[in-house]
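Letters A, B and C name the chains as they come in the text, with residue numbers starting at 1 for each one.
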Amino acid sequence: MIPLLILSPLILLAAIGAVWMARPVHAALMLALTLALVAVLYLALGAEFIGLVQFAVYVGAVAVLIVFSLLITRPGDEAEEIERRPRSLVTGLLCTLPVMAVLAYTAASGSNIKLIPWQPKLSIAELGEVLFTSHAPAVLALAVLLTAVLIGAALFAREPDKTQDDSSEK
Amino acid sequence: MTPLAMMLTLSSVLFALGLLAVLTRRNAILVLVGIELMLNAANLNFIAFWAFDSPGAHNAAEPVLSGPMFVMFSIAIAAAEAAVGLAIILMVFRHTRSTDLNKLDSLHG
Amino acid sequence: MAENFHLLLWCVPLLPLLAGGIIAFLPDTRGRIASKLAIAALFVSCLLALGALVCVLAPGNERIPAPLTWFSFGDVELKIGLLLDPMSAAMAAMVTFVALWIFIYSLGYMHDEKRFGRFFGFLSLFCGAMLMVVLSNSLLLLFMAWELVGLASYMLIGFYYEKPSAAAAAQKAFITTRIGDMAFFLGMIWLYGHSGTLLFYDGGNGLLESGALSSLAGATTIGGLTVSAAASLLLLVGAMGKSGQVPLHTWLPDAMEGPTPVSALIHAATMVAAGVFLVARTHPIFALGGDTGISLTATAWVGSITALYAALVALAQTDIKRILAYSTVSQLGFMMIALGTGGVAAAMFHLIAHAFFKALLFLSAGSVIHGCHGEQDIRKMGGLRAAMPKTFLTYAIGMMALAGFPFVFSGFWSKEAILHSAEYWPGGKGPFAIAATAALLTAFYMTRQALLVFFGAPRKPGVHHPHESPAVMLVPLMVLAAGAVLLSLVGTPAWPWFEKWIDGGSTGVNFAAFAKPATLMLIGLSLVIVTLGVGLSYMIYRNPPDESNAPDPLEAKLGGLWKFLGTGMGFDALYEKAVIAPLAFVAGGIDALEKQVFVPLMGLAESLLKRCGIVTRATDEQAINGGFDGVCSGLQRSADSSSQSQTGRPQGYLRSIGLGMTLLLVLYFWLSQRS
């Protein structure tokens, strides 16, 4: 409970930063911070392995990928880089506030179900066993998906080959 | 407020913040940032229900792992999604020299 | 007291690392502050390391672990920690002390450098990582610090990254050592899988304590090899990569592309010492197979081959720093011989003595290069004794220590200890004979270098107006020179204090030890070797040619062999042919496959599809379109009017979706509340 109390406001502050920061790079760094704090929350809740995976994949790969993409897609002039405060904030809030209200109300009111407290312990050996026995098809499917993504992303991001283009246009 | 309710509230606020980013940021990459936030909110829910309320865990002969399992798959897919999304944005950037969504109006009727 | 003590021990490696981290955030213009910060951090950590050394000297304090639980996975705890014992304390004191003087020297040497601050940041990182290597009580922590050392060395060797040769040398160092690191990693995992711990000493449960050792020695694996032998061979490959043993040595001479203080640091105190230290630290695992077990035999022979090879190649080098580089490789071979033949203490003594005099030699060479305006070719020097007398003096001390001049130089006694250990090895006299030959060659090429650089008349075309270096560079030289001499006090046969201390015993002064026939014979042999090496060299290079592009006097005697030695016996060319060329061939083959096979196939498919397209197009245009067009134009007119709402902005659409979703949610919520 106590780590939750400490971490929740921090996570929210970092997330607000990620949404609100004017400079794209700052926003991306705040995102990395949010993800790292969520990972710490996982660690504190006893899901150590998930926390480490979150660290490795989200903070280590995704956030870094985003920062690099921002660096690559820098617009030429400085003024454009600093994004003005979103003009469409009103419609944005109009869309998001009800969603939040409904979700939060449900969460707060629906949790009056009787809870039996228990201390879950995530054992890596069990996780690994489940992953490669009952969940093996899902792992295989994910592997195929990741391979497809790898090839697709490489194809998309590749510098277009000039000669190839010419021949296809003919 | 029970810890579960707190976690759920946290995740709903996080989700709303992600949605706000998706709807209002003009930089396409920052829209992706919003999507990551929303995905994390969902993952948070899985972990919350696993940590605070696992039906069937109380007479635990079988380990209850569906929560972390979902999160692991979700993280893997989120990484894939980010990679493809960023690749698409890069390609768009190469065509238009911009990642500003307001300038991408080729869907204009 | 214990808690505070652990904290102080952790400070030794963490202070330089922290300084490196802070410097990374300083702008390049704050170079002065960065250098002060780095030197201050290292100074404090040097004081702490010396304190730790004194602490270990006290009886009953031989082995102090400072454990730390890194994190726990469910119920598996991952422990790391530091360990203070004679070996680590001596290494830490040596690393901090030598590195501190190298830092101070760099103040003068790198004076005009634009990226002055960054240089000190890298140096700090390098030192901190090395201190972590020597103080670690866990193979895992050692490995992490080991990789940090590799990273820092990559950045430092490639410090002049605008120079293509420097960038290439950095990559070569990184990749070559990575081969060794891979083996190290495999060995580490194997050891962990077998014993369940990576801590060296853990109150009886550690890797190097009897329980784990006997289980390692008991289990056998493929080919009847015991697990301990297999894992220790893998660790040996790791050490070979880092310590530049044949055949993974090729990166070391190229590492000369870095600034000279970096060469001194890599070759003396830090990087290359890490490999030897690894073998010394895990020596109990190596020794499980007995004195002539496969792992120790392999260690001894790898060392022997390296020592002889590098000494031969050093004969034919003309770059002042390359000679020293090959001599480092050769001396590391000596240390490996000592480790393989059971002389851990002798190896450590040579390692520390070598750190002093090799740092001294490199810094002196740097002073020579500095004074000669960047010239590194010894053929163009000559007669520098007059122009830079102080550098000459310190250089001479370093050179005599390396060549093993008798009695007052540390190199003499440490080599004597290694020869002693090799002579009594039950596995054969090969390493002993090779070590003696390599020692002779060492004396030979060091004399050649000293004669060509400092004696005779200045050669033409040569260096204009060589000058002496500033005091900030000379003082470190003198301190290190004093160290190279004074260190000999603790390692003579009369008072082999250092070796007994490393082995965990104590000893008194006993001058009678000199009179033992075996010792006398070895001392005599060492004397003969040095005299022979120096004498031969003096005879050949007494009157070096006055022209700087005249052939070397030895070249006439050796002929084609000289060229072969000059290129390092063709290792680079061999790798070019044996590794790079096949890879390039395979890559070319795949490229050709794509161009010759896949592209035509795709073209074929494309043209087939095009043919089909022509047919379908014809039917399309003739039959379907005509009727369709009329309907379409009607639709288009009505669509035009409704397309006004389509702004084409993705987020507008998204917003509509969001609003719709909200409405649905509210509706759902309302319905669920009503029921």
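The definition used in the following text is that a residue touches a chain if its C-beta (ideal position, glycine included) is under 8 Å from a C-beta of that chain, and two chains touch if they have at least 3 such contacts.
Nothing here was measured: the structure is a model prediction, and the numbers come from that model.
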### Chain whose Cα centroid lies at the greatest distance from that of chain B
C
### Contact pairs, highest-scoring chain pair
A-B
### Query
Whole-Å distance, chain A centre to chain C centre, using C-alpha means?
38
#### Entry: Length of the line joining the C-alpha centres of chain A and chain B, rounded to whole Å
5
### Query
Between chain B and chain C, what is the gap in Å from one C-alpha centre to the other?
43
### Query
Considering chain C alone, which of its residues make contact with at least two other chains?
651, 655, 658
### Query
For chain B, which residues are shared contacts with two or more other chains?
19, 23-24, 26
### Query
What residues in chain A touch two or more of the other chains?
49, 88, 91-92, 95-96, 99, 106, 122-123
### Summary
Per the touch rule above, chain C residues touching chain A in the complex are 71-76, 651, 655, 658-659, 661-662, 665-666, 669
### Query
Which part of chain B faces chain A closely enough to touch in the complex?
1-21, 23-27, 29-30, 32-34, 36-37, 40, 43-44, 47, 50-54, 57-58, 60, 63-65, 67-69, 71-73, 75-80, 82-84, 86-91, 93-94, 97-100
### Residues of chain C that touch chain B when the two form their complex
639, 643-651, 653-655, 658
### Query
Along chain B, where are the residues that touch chain C in the complex?
19, 22-24, 26, 31, 101-102, 104-109
### Task
Spell out the part of chain A that touches chain B in their complex, as residue ranges.
1, 4-5, 8, 11-12, 15-16, 18-19, 24, 27-28, 31, 34-35, 38, 41-42, 45-47, 49-50, 53-54, 57-58, 61-62, 65-66, 69-70, 72-73, 75-76, 80, 83, 86, 88-89, 91-93, 95-97, 99-100, 103-104, 106-108, 110-111, 113, 115-118, 120, 122-123, 126-127, 130-131, 135, 138, 142, 145-146, 149-150, 152-157, 160
